[in-house]
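Sharing a structure below in structure tokens format, with a few things to ask.
Chain IDs A, B, C and D follow the sequence of writing; residue 1 opens each chain.
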Amino acid sequence: MTSLLFAAGLWLALLWPLALALRVPVRAALASPGHSRRLLDGLWCTAPLPALGLAMLAPPGQLVLEWWMLGGVWELDGLRRPLLAFTALLWGLAGFHARGYLAPEQARLEAGDGSAGGRLQRFALLWPLTLAGNLLLIVAEDIASFYLGFAVMTFAAYGLVVHAGTRDARVGGLAYLVMAVLGEGLILAGLLWAAGSAGTLTLGGLREAIAAAQQGVWMAVLLWLGFGVKAGVAGLHLWLPLAHPVAPTPASAVLSGAMVKAGLVGWLGSLPLGDPGAGEAFARLGRVMLVAGLLAALGAALYGVCQRHPKAVLAYSSVSQMGMITALVAMGLIAPMAWPAISAAVVLFAAHHGLTKGALFLGVSIGEHPPRVPAWLLWSLLALPALSLAGALGSGLATKWAFKSPLYESGHSGVVAWLSLAAVGTTALMARALWRQWQSGVQARRDGLIPLAGPMPLAWLGMLLAAGTLPWWLPLGRPAWPPVDELPGLLWPVALGVGLAVAAAWAARRWPWHLHGRLPPGDLWWPLAAAWWGCRGRVQGPMAWLGETRAVLVACLVEGERRWKGRLVAVSRAEGWLRRHAAVLMMVIAIVLAMTMWGTA
Amino acid sequence: MTGAWFPLAALGSSLLAAVLIFMLPERAFRARTLLNLGAAVIKLGVVAWMVWGLRQGREYAVEFPVMEGMSFVLRADALGIMFAGLSSLLWLCTTLYAIGYLEDSPNRKRFFGFFSLCVASTLGISLAGNLFTFLIFYELLTLSTYPLVVHRGTPKALAAGAVYLRFTLSAGLVLMIGMVALHGLVGDIRFGEREILAELGAERHPMLVTIFVALILGLGVKAALVPLHGWLPRAMVAPAPVSALLHAVAVVKAGAFGIVRLVHDVYGIELSHQLGLLHGLVAIATVTILYGSLRALAQQELKPLLAFSTVSQVAYIVLGVGLFGPLGTIAALSHLLHQGLMKITLFFCAGNYAEELGIHRIDDLDGAGRRMPLTSLAFTVGALGMVGLPPVVGFFSKWYLGTGAVQAGMPWVIAVLVASSLLNAAYFLPLLHRLWFRPGPDHGRGEWPGERRLGRFETSGWLLWPTLATAAFSVLAGVLAGMPFSPLEWATRVAIEEYLP
Amino acid sequence: MSAWFGLAASPEAFPPAMMAALSLALLAPPLLGVVAMRFPPRHPAPVVAVALPAITLWLLTAVAAHGGHHAPVSLGALDLQLRLDALSALLLLLTQLLMLASAAYAVGHRQAARIPRRAAAWLWPLLGGLTTSLALIWLAADLLTLYAALELMGLCAVAMMLLPGQADALAAGMRYLLFALVGSLAWLLGVALLLGAWGRLDLAGLSATVEPGPVTWIAVALLSAGLLLKAAIFPLHAWLAPVHGSAWPPVSAIHGALVVKASFFILLQLWLLLIPGQVAGAWVLGGLGSAAVLWGGLLAWRARGLKQVVAFSTVGQLGYLLLAFPLLIGTSEAVAALAWQGTWLQLAGHALAKAAMFMAAGNLLLATGHGGLAELAGTSRRLPLALMTFGIAAVTLMGLPPSAGFTAKWLLLQAALLAGQWPWVLVLALGSLLTAAYVFRVFRYTFVEEAPRHDFRQLPVGMDLIALLLALTALGLGLAADWPLAMLRPGGGEP
Amino acid sequence: MSAFVPLVHAGLLVGLALVCLVDRRLARACLAFIGFALMMALAWWHLGAPWLGLAEALFGALFTGLALLHALGTWSREPGPPSHDHFLRRRRQVPIRLLVAVAWAILVAMGVGLLLGTGVVELLAEGRRRPLLPAGLAIMTLGAWAFATHTHLLRRLLAFNLLGSGIFLLLAGLAGARAEVQALILVGLVVAWLGTLLGAVLIRRLHALESRVTLVAEDEPGGGE
């Protein structure tokens, strides 16, 4: 009975968003022309609710579907439940926010603007679809379902990124898509190789296969990089700062809060983390991952503070935070024994970052459309998640302590020092983001305020609340709070970061460097894109030459055939000759035949 | 004895339809439609019955001698019936589509007559029980498709027809010579009698390799393996249902199916492996996959793009054949069906765009998703399947190919697969972007090259429903891949039979 | 080898019923021809009602059941010999079927082409004479009967070709006449040498007594040269195309299908019986055949008129038959058995298909009113039946399945591969491709849509149906080949 | 005497054949042919085949002669073909044709010689005993040469007839006057007559329709069959 209920819940959680997505075109088809309805209505906002309910209420369980693709196994275990919970909550709040955020487009649709209607319809359709993919990839234990969820999420989200249709949006979308496709390719290669070598169909089997296989570490590299595209590993993060600023803010929130975590889910699912049987090679891979993670954590912070657009700054912050998570995941390979504790910290970190970053992104749009509250209240509320992300309070503090203690215990205090350094960067980034928001917010306040009761501020407040109270409600066991004497060790990076930020702001005012002009968002993307165009230009020459050669060859053959056909006129002439000489030829043939027979006897 | 009637009935239904269609006058639209659909449905029913019967362990075979030591054999085995099922299902869809597509165009009688003949040959190919019978229908297919290729009668179509014939007839000849040589060596080999060649002494092996090469040359032209693929993109001048038929069901598939038969049922996978033939196949397939994708990337028009995509995709089947191990075999067999479903969808869509909006070039596709959402949805499904994304069936072929490659000890094949996926994405995703995300005439920018309002829906129902049906099939066959009678499950059965004596 | 041709060492008389049936088969056609000359049939039905094939079918079953017969027939002081085995019975059946088809077609053709009744009336006795002479050639087992039959056949054929009476028909016919006569003189010269050397004319006796030697070789070389000229084998084929260019389609059909083959039949018989070990000579003939295949194919490919295409195609197709010589002479028994079956199947398949093709071409010509290929534009829409017939017949010529041509080609290929005689494989392949080239060249014209519309004449459906029936027979013969081939296998006719 | 008469007879045959083939005045050539045929009939009679002789006289001389004269338009009101053959073959074609005809003759002669167990040279000596053999050989050679060289249709008909007669003589010379030989020759005679008749009618029709007496079309310069 319980299993039946569980199955029903799981199906409902996955199918409800799909049904809501399908509702959009069906309604559009049934609607009489000229009559437009509200697309992002209350029902639409309920898309992630069944999933949230499932994550919060359902016991751990498994659903086996033999008829489904290669054989479906969907699971809800200790790690998946918190992931599902915060993902669903984030999606729900962001969706609610979107109702308000996209209200102007709805208004334009009602005013008869066809293209706005089309865009909105697309958004209403793709949003739940992306959500469904995201949910599926979390609950999937079989590889096919996982890949399905991952792919659906990735490709459906493209529509969210390019929603605005501007030139920047197209560039952002292009970067997103190119990197996503590359990532999919790497993932596919890793999955096929690993699954093929052990003949397994589930992620659990995959982890064992990779640990056992002779070239397992290369499979792990492929998977790490493949998922790393989504998770923003240093070098593969290019799409994040390009896609985030152009996407609608709620989409940025889920992109950065939930979807980026899909990469993490992939790592957790496929890498042999915490497997003491994995060889030395994996530890080496872990060290590489660690370095890459720390590099991202610090580099992104350094680059991010030079950005102008608050969402770009936040995107770099995401890269930085994901770098920290990468470093923590790497510990699963370096120190397998400490992994059980670290894994919980990683999930907590993911949830904390997801919701907090969601709150920050929603905060950006709140800064642009300030509600009718006093400015000091607004700005303190806006600063709250920033502080939390920096690790100064709430879930941030809990998270920080959650990974610090096991690291200390396993004797990796060096990593902790580096992570603290990254926290300094995070603080600086947060300061920069708030500063930029402030600057644009002043203008927005002058333009007009919106009611506090609208979906936008409510969603934002909900997100703030959820992020702040995360450790209490996340189904991950009670978090341990740091003892008071540890607080200075945890808080000094925040202080240092604030200090540095103030100093840098003062310095920037004295000597304006205009760094943001020289360091555009997307960093490596631009040189790489330029190199690609250069390469293309260079390759096109030889390719064109090849094509011409082929054309010349074909032309030669055709010409040869034509000439040869022309020669056939001679055959017709020879036919006339044969006709005139038939009698003589008959005699010749008799002679030849006789001579042949005689000669060879 | 009743077992003999079913293969004959399946073959006869479309042959008889062809004859009757030729006898009907050109004007008899309704009778012809009825005949076409009736025959298609009957055939589908007969094949379905045989599928069910095979599962119960029944035998369906008919044979009679043609000359000393050589018989005409029709036999429904698991592999053959799989292909027969595909062709009869897709025939029904294509017939519906063609009825709508050719509305009010001249020479419909000729078209449908040869169309039926073409399908009869495909069915014969699938049910053939030995190489001789296979060859009969293989050549018949060449003949019956020529009038379809040149149907429009334009100079371009006629030139394409000439190229088509040059390739296929020469190939048929080489194939025949190879078959005769094999026949001379060991006599009549029924499909499945792998032990005959396996038991030959090692001194015959060079001869066997030579014959194999000749046979692959003959089959490779229809399967459009590089460098024997030149006819395929040119044959795109044919009407859309013909292209669909050529690419998804009949001609290309006949070649690929022949290769499967050759390796699995004549030489036997063990012997082919032992002779080192599989490596050659994998190499050719690899080259073809990459070359086809690269050429597709450079196309400016929709149908040639799809044609080069076919070149690339069909080589997957050959690749699967070349991977020694049950997974590779499953991949080859299931892709035979999967590619058919996806490619026919894509061609139907291309036809819809051309008919409804006059779109032939890729850059005219901007914003077509708004004007023809269902067609574009079907196109999206097909394109994503080609890229290899679940739940469309293309993913499953790739999955088995990849895992099969590892099993066969050739993990580098995965790199080929991934490269092909990336290339597929590189030419299909921009199309999807154009369809859905670019503003087009329906957003008030420019106008369609030649818009016609063909029906109540976005286009005529005859054109729309088959498209949606095949798209739905290609999704359902993926989602429900674990169900009995799904293509993948059936392919697994065949492969297991092959490897477990 | 003599057993292959149903020759027995000690001939015995035919059973009376068989003798009566044979006499009927030999004598009825000319009589019927004379009657038809006096009362020309206005409808194909009475022609088809002539039940001669039924009698032959009975003979065939009798032969198949009890084995062949070889009987002496005395005519005054002369001892003539006839034999009836499965091969000759099958050829007889084929001849009568084709004759009936062409006669039935001729009835319709005369009306459709508006040929004056007086000119057309001569066709009937000539057809009768031709039937008898062909039957005699299949049945005769001595050189004298063969000579007489060959001459009768030649004269009847020439006369039939002249019936249209136009200048080009007359000139071509005159050339044909001269070459036919000279060819038979070469034959007679060879016979003279044989008779002088061995003193007998019966084939069974000759095959038993003749020893290889210069005289035999010279005699056979002379005989062969004459027969090659009559059989229109390259390079002695040049008279053929002009003759067909102007003849009536039913006449062309019979000529292309049977008349040239009769000379081949005699030639093969003589070589196998008289010089069965002469490999080099056989290769020369094989080489001539190969050249014929290529030459005929090339000319047919470049031809401008539809009938020329068909006529040159005959030249090419006859070349295939000559491959029988190198494959039958001096090869192993297995090879010879394959080549033997392949050759006769090719002969029968080509006869049926070529007759159908000439008739279909005639229909197209009559309907369009022009003989040029370019005038065929649009026929695929307006004259589908005639074109379909042409196509089905062409399938046999191209050797594509499931036609008789295909099965025959398979057998010949197998024989060539088994014997290790690679050149013939190449010839068979090239020949098929060339055939495809000229056939589809014709079709290419018919598919052209942008042509000016012609007024196509409506023809009686019967004319198309007769041709279609023949073409379908040729097509079906490929799959039903085991029935005749089982009888043709050496010893296959024995119970 | 008994040896001499056949020799003269043979000589007469060859001479008449030569006249018949070489003379460009067609009427005279035809008359020469009638004379030749009568000599042939005489030869058959000498050989002990009187019925064959009669048949030769009837078919060879009378009917064929009538047919030939008909071709010349002797009894017709419409003008017949010109009675003189002007046509000249290209110069370089002539010797080759002669050469081939001679080679052909040598081939046949070798056959005959080997058959009789003598060499080719001794064959001439043998001719003293059987004069019809060398005569037949010579007439056949002449006929073959003429058939290959001439273009005028009537002359080719004549050449054919002489070629046939030469072969008849060879046949009789080799195998004697047996029933089979007589039958063969008889068939040959009838066929030759029928062929000549058909040819004659054709020549008249062709001349009436297109006023041509050769098969060489105008666009085949200097050719000739």
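In the analysis below, a contact is a pair of C-beta atoms (placed from the backbone, for glycine too) under 8 Å apart; a residue touches a chain by one contact, two chains touch by 3 or more.
In UniProt terms the chains read B = Proton-conducting membrane transporter; C = NADH-ubiquinone oxidoreductase; D = MrpA C-terminal/MbhD domain-containing protein.
Bear in mind that the values here come from a model prediction, so they are computed numbers and not experimental data.
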C-D compared against A-D, more contacting pairs: C-D
Rounded Å distance, chain C centre to chain D centre (Cα mean): 31
Centre distance in Å when chain A and chain D are each reduced to the mean of their C-alpha atoms: 103
Cα-centroid distance, chain A relative to chain C, in whole angstrom: 78
For chain B paired with chain C, centre-to-centre distance based on mean C-alpha positions, whole Å: 42
Sites on chain B at which at least two other chains make contact: none
Multi-chain contact sites of chain C, meaning residues that touch two or more partners: 175, 178, 182, 214, 218, 221-222
Multi-partner residues of chain D (each touching 2 or more other chains): 107, 147, 225
Listing of all chain pairs that touch each other, if any do: A-B, A-C, A-D, B-C, C-D
Of all residues in chain C, those that touch chain B in their complex: 337, 341, 380-381, 384, 388, 391, 395, 398, 400-402, 406-407, 409-411, 413-414, 417-418, 425, 429, 432-433, 436, 440, 443-444, 447-450, 478-482, 485-486, 489
Complex interface listing, chain D residues touching chain A: 96-97, 100-101, 103-104, 107, 144, 147-148, 216, 220, 223-225
Residue ranges of chain D touching chain C (in the complex, touch as defined): 107-108, 110-112, 114-115, 140, 147, 153, 156-157, 160, 163-164, 167, 170-171, 174-175, 179-181, 183-184, 187-188, 191-192, 194-195, 198-199, 202-203, 205-206, 209-210, 212, 215, 225
Chain D partner contacts - residues on chain A that touch it in the complex: 576, 579-580, 582-584, 587-588, 590-591, 594
Complex interface listing, chain C residues touching chain A: 175, 178-179, 182-183, 186, 212, 214, 217-218, 220-222, 224-226, 228-229, 235-239, 241-242, 275, 278-281, 284-285, 288, 295, 298-299, 301-302
